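Next, two complexes with chain A in common: one pairs it with chain B, the other with chain C.
Presenting the complex of A and B:
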């Protein structure tokens, strides 16, 4: 990818981010993930707080987060996880000591999409304004 | 050289000693030299082994550090982006930063699980999207893999490579890509090669090959078969050291350090030089000792030889060999000296004998000469004697002839007187003939007289009695002193005639009233002495010596007057000599003649064989 493409992508991301407030969030997952019903917010929160680590079929859940500076992440933290950054950081630190790694971080919507597409059992979120190409949408957070 | 040595025993001994020394020392020197050489090569090989091991370890450390780094890097969170195709270029940035921070000589490439090149530590000339994971780097191993020397498919440089699979941090079993790190071969060589002479890096195993060599032509120079190279004595020209085989990434590698044997054994030149010097230094006292010993051993022989030569050259037997020791040589010298002494004594005796013989010869010649002179004198005397006889006979014959002539012409009355005279002359001639006969008998001594024991006192007394009867007027003048007995061994008749002759002379040649002293004594030792001394006119001193010669007369005229043949005293002397005695005449004091007889006394008379 050239730097030009990268620049376009960043600009596009910013644009999507600005429009995210209106559109809300899409919870996406690798297409291999089989979900009997749309996930509830508490279910999603349980996954990201590492309380649930496996899909109903037994496959490993790979939660993917955005970088801490991202507006999408701030929205996700506030709306879905319903916690503030400081307490989350403390929580994940605690989890780390217990041998559980916090969610993988991707720094852009595209990277998030590419990761989710490629890694089986992965789950992430994107702005509702971004097209969820090649991924399975599990829920829509307004 | 051999002739020079074999001419002298000391040289032979010296040569033998020297050759023993040289052989021994040479053998020792060879053993020492080869021992030193072996230990030199051994220590050299040891140090080369250590060096090779050190280099190998250095390589292992460097590559090991790289491998550790690469493993760590593969577990970075950011590597999760390989899943998302490194959209955010976070992996690329990380790789660039790592290369910069670690000062890496090579490059790091990140491939995703499908083998697509996603990121690298540097720019590369080819479009990344087209580059897949090079087939040689593909590996299913879940661990780090080491790739030997090869050409980097991206940069086309000679490199070695390390490849490590990358797994997602979220799921350790989920492989998300591969990290490959290259390391330039030139850096490997820089690590490997130092200032020392020869270093080889080998790849072992089936595809054994020389990976690197310093100098570059070393491999061809040594002409090794790398496989066979495990043989220790690979090349006599080189000493080799090898790294120990180890497990790990570089198990297939072996570092071989080489050094030319010549360089390794250069200190041996000094060893050889020192050995040669030591040999020479040790040889010097041995030569001196050998010379001393051989001369000491052969000096007695040389002395003996010199003495023998001296004797042979000069014929002088005084020379003696010095005896310096009590061994066999000393005993030889001793025996030689004894032999020489014997020879010398024999020679001396022979010379003395010869001298004596010569002296004897001389004496004999002298005797012969003396005898010849004596004979000549005797012959002269004989001739004179014959002349005298002729003269003595001629005179009475002339007178006889004259008397005969006178008688013929004389008248009858006077004839008687002439006849008397003729008779007298005939008696003279007859007496002379008788005397001559006696003398001839005594001289010739054809028949030895019959010797008996005679008492000279009886003989003398008889003669004196006859003389007194014959000359009564002189009877009182005769003084007789006799010592009885005066025994001698002899012919009484001859002795009587001899003594009578002297006594009669003393009486007839002296005037009346002149004393005639006759004494007979046993003069000690074993000698009978008879002295007849008168006090007449005596004889002139020069005549004394001739008194006992035949026909010698002191006074011719008086002799004819007194009568006598002139050979009475000669007969007297012969008789006395026949009896081993002697008779002398001397003048009496103040005048007169003394005749002394000396005859051996009977008990002392030696029975002699008479001529």
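Presenting the complex of A and C:
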């Protein structure tokens, strides 16, 4: 019986993990952001790599990242930024020294949502399985 | 000074506490401004000359974002301050100097074009632009990354940077008169009155690039100087290669100069054993305008980076040819971007 429970748990875990991965990411922004949606992956990457720093209306873009241990961040880094964490950290430190602020870090999906809701110009990402309450969805990354 | 060191240590200790609102390397946000900086504590143990424990740099920089056309930036630092010293003193005495490194405003004309006005670092090679100790490869700076050209320009600059990196990054700059808040001669090799130049960088990866530089300048002695340079940064798995070379033609060598050219080149390699531990080495040849023969230096060392904004390094440099531009000896440092 114990082995059966273990097998069911493993299968259920794998199914859940696959469904979470299949859900993908939502790219979200403060409701005040005026931007043509959906954004392409290249446009999102350009924002997070600080090569685009202003929205079309001229307001400042505030990119928001999850903490380094987050699976959502790992997915975003691999699928959108296509770089490793060490290189990104070095890159963002260099950009900071050159006058461009690296992404702000939030430690949970709820903290991310709260920050995006409250800070004009901010852009972030959440798992597509999380409801994007009170924010604007700019893209869905499958 | 102890207060400043304690402050740096305290910030380092609170590094991972994101819930406090502060994260090491990100600085403090105050409305549209961000206050940040870096420190570099260095143990200098040359085989001859002054041995010291020095605060090489304590830098503070402020970034502001007030709209598309008003993005001020400034950096000031205390440099070359000996905390403990033994042996004969050098020409700069290690008493510390306050320096205005940068003071400019960026106007984002489009997503790709920026107009910069003020005092800025010149883009002669990658190292000069990111010369903060926590960001660069080694404690001892290769001479070619800071000599043979004006490191600063006070004037106007236009920058082009394609958002999608499909085209090369381009920067041109022009300094019509003397450097604003000129650094004292004890901490610079040459002082320049007029500077103009350009840098073109071909991005080949997130950090990888190949660049070429040109700079035309006139120093306070009236010597015209034309510099050509190239630099590169390339990552291959755990190995990173980087280097830079410059050559300058001098219009007329004054009495103190032996040569009418000055040149230098370094090549470096580093290997990352883990995310935190790495080993590195560089070789440099530098032909100073005032030296009868070029210097050859070889450096190797190890680095421990417990987190991206902080690094400990220990390295050994051996000069084996010509009058040294960097002394033979052991050098160790603790650098923090805060």
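Simple rule for what comes next: the second predicted complex is superposed on the first by the 122 of 142 C-alpha atoms of A that agree within 3 Å, B and C clash if a C-alpha of one lies under 4 Å from a C-alpha of the other, contacts with A are read in each partner's own complex, and residues count from 1 in each chain.
The working rule: a contact is a pair of C-beta atoms (placed from the backbone, for glycine too) under 8 Å apart; a residue touches a chain by one contact, two chains touch by 3 or more.
Treat the numbers as computed from the prediction; the structure is a model and nothing was measured.
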item: First (chain B), second (chain C), both or neither touched by A:41; value: neither
item: Touching partner for A:53 - first (chain B), second (chain C), both, neither; value: second
item: A:93 touches, of chain B and chain C: first, second, both or neither?; value: second
item: Partner chain(s) touched by A:110 [first = chain B, second = chain C, both, neither]; value: first
item: Which superposed partner A:101 touches (first chain B, second chain C, both, neither); value: both
item: If touched residues of chain A are counted for chain B and for chain C, the larger one; value: C
item: Which of chain B and chain C A:119 touches, first, second, both or neither; value: first
item: Doubly contacted chain A residues - partners chain C and chain B; value: 60, 101, 104-105, 107
item: Parts of chain C lying in touch with chain A, wherever the complex brings them together; value: 18-19, 23, 25-27, 32, 34, 36, 38, 61, 63, 65, 67-68, 71, 73, 106, 108, 111, 129-130, 132, 134-135, 161-165, 206-207, 235, 272, 275, 308-309, 337
item: Chain A residues touching chain B - in the complex, by the definition given at the top; value: 1, 6, 9, 60, 62, 101, 104-108, 110-115, 118-122
item: Chain A to chain C touching residues, read off their complex; value: 42-43, 46, 49, 51-54, 58, 60, 67, 83, 86-91, 93-94, 96-102, 104-105, 107
item: Chain A-touching residues of chain B, taken from the complex the two chains share; value: 77, 80-81, 83-85, 87-90, 168-171, 174, 176
